[in-house]
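Next up: the structures, one after another.
Look at the two complexes coming up: chain A is in both, with chain B in one and chain C in the other.
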Partner chain A sequence: MALLLISLSILIISSLLILLFCRSKEISACVFLWSLVAACGFGLWSALSVLCQKAMSLPLTGVDFRVHGTIPLGEFYIGIDALSAFFLLLFFILSLAAGIYGYGYLRDYTGQRNTGVHFALYHLLIIVITLVLVAKNAVLFLVAWEIMTFVSYFLITFYNESESVRKAGYLYLISTHVGVFCLLVMFLIMGAQAGSMNFDQMTATQFPLALAALLFMLAFVGFGIKAGFIPFHIWLPHAHPAAPTHISALLSGVVVKLGIYGLMRVMAIVKDFPLWCGVLLLIMAAISGVGGVLYALGQHEIKKLLAYHSIENIGIITLGLGIGMIGHAYHQETVAFIGYAGALLHTFNHAVFKGLLFLSAGSVIHCTHTGDMDHMGGLFKLLPWTGHLFLIGSLSICGLPLFNGFISEWLVYRALLEGVFHLDVFGIIFSSLAIVALALVGGLAALCFTKAFGVIFLGSNKSSEGHQGKEGRLSNIDIKEGDLMLRGPMILLAAICLWGGLFPANMVYFAFQGTQAITGLQIPFVLKEAVINPLLSATRVLSFGGVIFSVLALVRDFLVLHYPVRLTETWSCGYVKLSHRMQYTASSFARPILKIFRSALVFRVEGKISKEYFPAWTSLKSSVKDVSESLLFRPLFYVIKKFSRKLKWIQSGHTQTYILYVFLFLVILLVWKLI
Partner chain B sequence: MHILLLLHLTILFVFPPLLLGIIGKTKAFFAGRIGPPLLQPYFDIFKLMHKESVYSVTTNWIFMAAPMVSTAAILAAGTLMPLADFKPPIQFWGDMVLFVYLFALARFVIVLAALDTGSSLEGMGASREATFGCLSEITMFLNLTILALLSRSLSLSEIFLGGLSSSWLQVGPVLILVVVSFFLILLVENSRVPIDDPETHLELTMIHEVIVLDHSGIDLAYVLYGKAVKLFLFASMLVSVIITFRVHDFLIDTAFFFFELIVFAVLIGIVESTMARLRLNKVPYLLFSAFIFSIFGFTVILVRGGH
Partner chain C sequence: MLKILKTRFKQGCRTILFPKAKAPDLPQRYRGRPIIAGQNGSIDLGKIFFNPDSDIVYSNDYSMATSKREDLVLSQEREMALARALNERMLKIFGRSLKLRQVSAGGCNACELDLNVLNTPVFDLSRFGIQFVASPRHADGIVVTGPVSRNMREALLKTYEAIPEPKLVIALGGCAISGGIFSDSPQASHGLDTIIPVDLFIPGCPPHPLTTLDGLLRLLGRISS
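On to the complex of A and B.
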């Protein structure tokens, strides 16, 4: 805990320093960078020491820190348990990477805005998110949660000269506020039941099942909006593309995950939920997973695609959570443990690879000045570093073996399959449907990322017909790779992806530590072995594959040396006047699968397909509409707006009227007290 | 024990192209021709190894590495699959997930290699392959879940080595549905008629052939070999579901297993000779029917209580 306090104080002091020196860009950036590295270092150390269960043996690491009687009901009471520590681990890794990247990204920024303020806000965001993660008092939690929403709003709207950015910021602010309302009610009910707003007392309290169900629904909506469950996700695909790259990485990697953290915290406090809560969570998870990836497939804009993929991965995480809850409700602890561990591990992994993908996508946008994938192509040769890092990110997010995504998806599969074995017919139906959903999500994610990687980096460039030389290379467009400040964080994240995939034991162990904090039960050693050992065998299969690969590569090298090799143009079936625009685009690649799912999606096509024999000029623009945005929330808000217009007379704008309202309210209170 | 493992690997490495030879011979028989020799796929692979390689200037290393990665991934998946009565070299609880995901990895890199050429024809094939692949994956998982439920095991070796032996008597209908669904998946995954015609070279209609349009020489040899191994693994999986009977005599079991595989290859040859290729927009329906078969099988288990 002392380590964490050191880290927090570094952040507070340095953010003040940054504000002090914000006139000078160099000094503020320098302070930002070094304080960030120091603070994240201490933060990681504190998180790791808790996860490694060495908290007691180290002198500096007490467990709790509290200041009594600060505000009514609330107090400054923080403490790290394994669940907090697990989230702190991923949070500090990602905020370090995104912060360094942001430093590199904003260094050559020449616009009007003051980058010093932006850096100070970044530090403030780290402070409040840390507080959210370690708060042991509901009031402190809510206060930190609110500040976090505001700070992230300011960070998202960095480029606020554009109207779409402002709109996205508003949408984010409003939707998270609806969430906070639910959370407030939830914590008040919990506090009333426990007689204290401290999480300790709440955990010790027994909640009746009906109340638990109510609390679950409130948590589901309140935290679900933050996490971006479909249909509460509408803010997410707008906010992510609007924000500067390093902020979108942090938003998708951590801020969205706080919704998951909140749900897990509620599960740790209210232990027993009715069965249907878990089933509901599982269904919503399947919908979010499949829906998120289908919407992602329909996107042409790279950051929007990644934003929808966050929804998909939240779906996978929630599948783990849902099967965990179902297992808990059936008292099948094996299922519950593996489910929760899978959810936790996927949270970590998603933060890492999604951070990597956002950062490398940011580099691409930085170089090409467009986010539209259909105008890219052939960037692998021009941006080799970014290309390779994006490839690693894509392989990880698809859950393919060798990378960390596979490990966590395997755990979720394992939990669902154990569910098939250990539950009754009802449980079997839902866990098998969840398996199908997860398989579908995996397949669609692979489709989506072959599309994204292929269209952005492979083939030849589709945008600048006139500038291309014979070899499909861009000749006079100045595209150059970012420097070490941009590349370094991405390399760090990519290394974690590979490490997590090849040496899974540590992270799985940490995830189990977090699971113990959620369930409050000790996980038997046998179970840990039964999960980690298969993963080690899986590594053996992969190393066998590696051996075969090297043999094949050696044979190939030998043959290539001894037989002729010719370089030529891509075979175009005899057609000579080939244009670079005649490649498969992102839209055409995704078309078959979207056509199959057309009943679940809403398409909008502008323009028309020319069917004449000698086609003249024509244009076609197709997009996939977000159902919950255009069919659910837009009409809903329209109705609310219409209704509230009728109440407009209350807000007259005269001060006297408002004083009258206050007076009336006081009278009502007085009368109520008298009765 | 080590000799058995070595034997397992030898079968895995050497036998697969023969299946393609048998299919070719069967098709030739139906067409009234003598056809290529049984060992023709081996000759093809050998010949390709000595051919000139042609690379497009648009491509990167991904194009060259993809055939190797996919073949290595498929062979690695083979180490989890029991053949005849041999235990696989590696087995663990939950290896079926890895098994399917290794095929997904193989598909992923091949699709990327196709996109690497920047050819619109290969883009077309890549898009189709990825689409059908993701639809067949869900059926694959549901089928494996059913088999896991019946044999109460999550390891391929336990499922296929005796785990299903009593299931044919108890829940025969379920297994029939699973077999039908598996067979359809096999046809899709290995791009056989009626989904795809491995014989044609008309680019617009193809799925798998068009993806590897630009590969040549040793790369094409790897692709062909990987394809053969994939067919072999799917066929041996299906055969292990159908024939669960084993006498636990090493020689008889192995001979019987090979006999089954050969019969199976002849069966695929017959399907290919007697059916026309489906129109491309009908292929999803075929995949959905495979899924529906599997769902029916699943429902039957739940009702009959075979779990």
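On to the complex of A and C.
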């Protein structure tokens, strides 16, 4: 705990220092960098020291810090249990990487805005997120949560000169506020039931099942908006592309995960939910997973694509949570433990590989000055570091062996299979459907990243045709790899991806520690062994395969060394006017799959395919409409707007009228009190 | 399917035993290698059309493919030099598996049709490991038919370029060898060997499948004279 407090105080002091020196770009950036490294170091240390405890005493004591009576109804009461520690671990890793990257990214920024303020806000965000994660009091939690929303709003709208960025920021602000409303109600009900706003008392309280269901619904909507479940996800694909890259990484890696954290916290507080809650969660998870990846397939904008993948991964995480809840409702602790552990581990892994993907996508955008994948291509030779790092991220997110995504998806699969073996007919049906959904998600994700990687890095460059030489090299824009400040954080994250995939024991162990905090039960040691051991032997075999494969690849490279390499044009069936735009684009690659799913998506192709032998002019545009955005929320907003226009007369804009309102209100209160 | 199997069974094996045994006798009206004896001057196999109303006398001999362009010119003084096998290194690469890409460069399509006949059960080209493939990237060589019209020239060059080294080029039919009946046209070129190096010339208009097969097998060293 002391370590965490040190880290927090470093952040507070340094953010003040940054604001003090924000006139000088160099000093503020320097303070930012070093304080960030120090604070994250201490933070990581504190998280690890909690996670590494061998036997956890339940409930956790001795690591709390409280200041009585600071806020009305609440107090400044923080403490780290294994669940908080697990999230702190991923949070500090990612904020370290994203912060260093942001330092490198904004160093050669020459615009009007003050980067010092941005850095100070970044520190403030770290502080409030840490508070959200360690708060043991509902009021503190809500206050920190609100501040976090505002701070992240300011960080997202860094490039606020553009209209779309401002709009995305508003959308984020409004939709998360709707969420906060639900959370407020939820915590008030919990507090009323427990007689205290402290999480400890709430945990000790027994909630009746009906109330638990209500609380679950409130938490589901409130935290679901933050987490980006379909159909509450609409803010997500707009906010991610609008934000600067390091902020999108943090947004997708951590802020979205706080929704998951909130759900887990509620599960830890209200232990017993009716069965249908778990089933609902499982269904929504499957919808989010499949929907997210399908929408991602239809995107042309790289950051938007990654944003939709966040929704997909939230779906996978929630599948784990859902099966965990179902297992809990059936009193099958094995299912619950493995499900929760899978969800937790995937949360960590997703934060790492999605951070990596966002950062490398940011490097690509930095070099090409566009986010449109259809204008990229052939960047692998020009940006070898970024290319390989993006590849590692893609392999991880697809859940392929030797990378960390595989381990967590394995755990989720394992939980679902345990569900098939241990539950009754009802449970079996849902677990097997969830397995099918997970498999579908995995396959489509692999397809989507084949598309993303292929269109961005392979082939030849599709932009500004007139300016490139024969091999598709750009000659007018010189594309250069970023320096160590940009590359370093990515390498760190990629290393964690590989470490998590090759030596999974530690992370799985940590995830199990976290599940103890959720369920409040001690995990039998046998179970840990039973889950970890097959995983270890599988990774051992797979890494052996990996070693053989790489040796073979090296041998091949060595043998080919002696043969001359001949570069020729792409084979185009003898077509003479070959151009760089005649390649697979993001749209054409995804079209066959999207066509299959067109009953579930609004997939539109505008323009017509010319049937003449010598087509003179033709245009084609394909797009995937977000169903919940365009069919659910836009009409809803429209109705609300119309309705609120009728109430416009209240807001007259005259100060006198407002004073009158206040006066009338006071009179009403007085009268009410008198009666 | 049962019907097909039954027919197959009834018909038995139709594949000719060539080159292990002699090829079946060709009918009298087949016009093969011209008989040079009694003629004056020379005959260029790449330029004649093997038509019945010329004053050339034709034999029944189908083997006519050569490795060099000048070998196609028959004269009193010289024996006909049929195609020779590839060198040791090339044979090692192509001897047992040869994938070819066909380029139809402006001919009348009869050559392609008779090339196609090689894939029928009677000739069964694939038993020699020779196959036609769809992409030059998979091919070891090209078979060019037609006079390489001006519009096809670049496409042909691109195909040639697209084939990985080492590569073979086979000129099939009078058109490809010399421009054939189109040789007067300004649109046609005068022989494939003026554009790219050719390894095998197979004369005929169109060449009989046996002529083609014989040429290919000689090139691969399966038949030696």
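One rule holds in what follows: the second predicted complex is superposed on the first by the 608 of 675 C-alpha atoms of A that agree within 3 Å, B and C clash if a C-alpha of one lies under 4 Å from a C-alpha of the other, contacts with A are read in each partner's own complex, and residues count from 1 in each chain.
By our rule, contacts are C-beta pairs under 8 Å (C-beta built on N, C-alpha and C of every residue); 3 or more make two chains touch, one makes a residue touch a chain.
Quick caveat, the model's predicted, so the values are computed rather than measured.
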Please work out whether A:T568 is in contact with chain B alone, chain C alone, both, or neither, and reply first, second, both or neither. both
Touching A:V576, do we find chain B (first), chain C (second), both, or neither? second
May I ask you to name which of chain B and chain C touches more residues of chain A? B
One more residue to check, A:Y103. First (chain B), second (chain C), both or neither? neither
So, does A:Y340 touch the first partner chain B, the second partner chain C, both, or neither? neither
Quick one: classify A:R556 as touching chain B (first), chain C (second), both or neither. first
On chain A, the residue positions that both chain B and chain C contact, one per complex: 566, 568-569, 571-572
Sites on chain A touched by chain B in the complex: 377-378, 380-381, 391, 395, 398-402, 406, 409-410, 413-414, 417, 420-421, 425, 428-429, 432, 435-436, 438-440, 442-444, 446-447, 450-451, 453-455, 458-460, 471-472, 530, 533-534, 537-538, 540-542, 544-546, 548-549, 552-553, 555-556, 559-560, 563-573, 580, 582-584, 588-593, 596
Note: in the complex, chain C contacts chain A through residues 103, 135-137, 154-156, 158-159, 161-162, 164-165
Using the touch definition from the top, list the residues of chain B that touch chain A in their complex. 49-60, 62, 64, 68-69, 71-73, 75-77, 79-80, 89-95, 97-98, 100-102, 104-105, 107-108, 111-112, 115-124, 126-128, 130-131, 133-135, 137-138, 140-142, 145, 148-149, 152, 154, 203, 213-214, 217-219, 222, 284, 298, 302, 307
Over in the complex, which chain A residues touch chain C? Could you list them? 566, 568-569, 571-572, 574-576
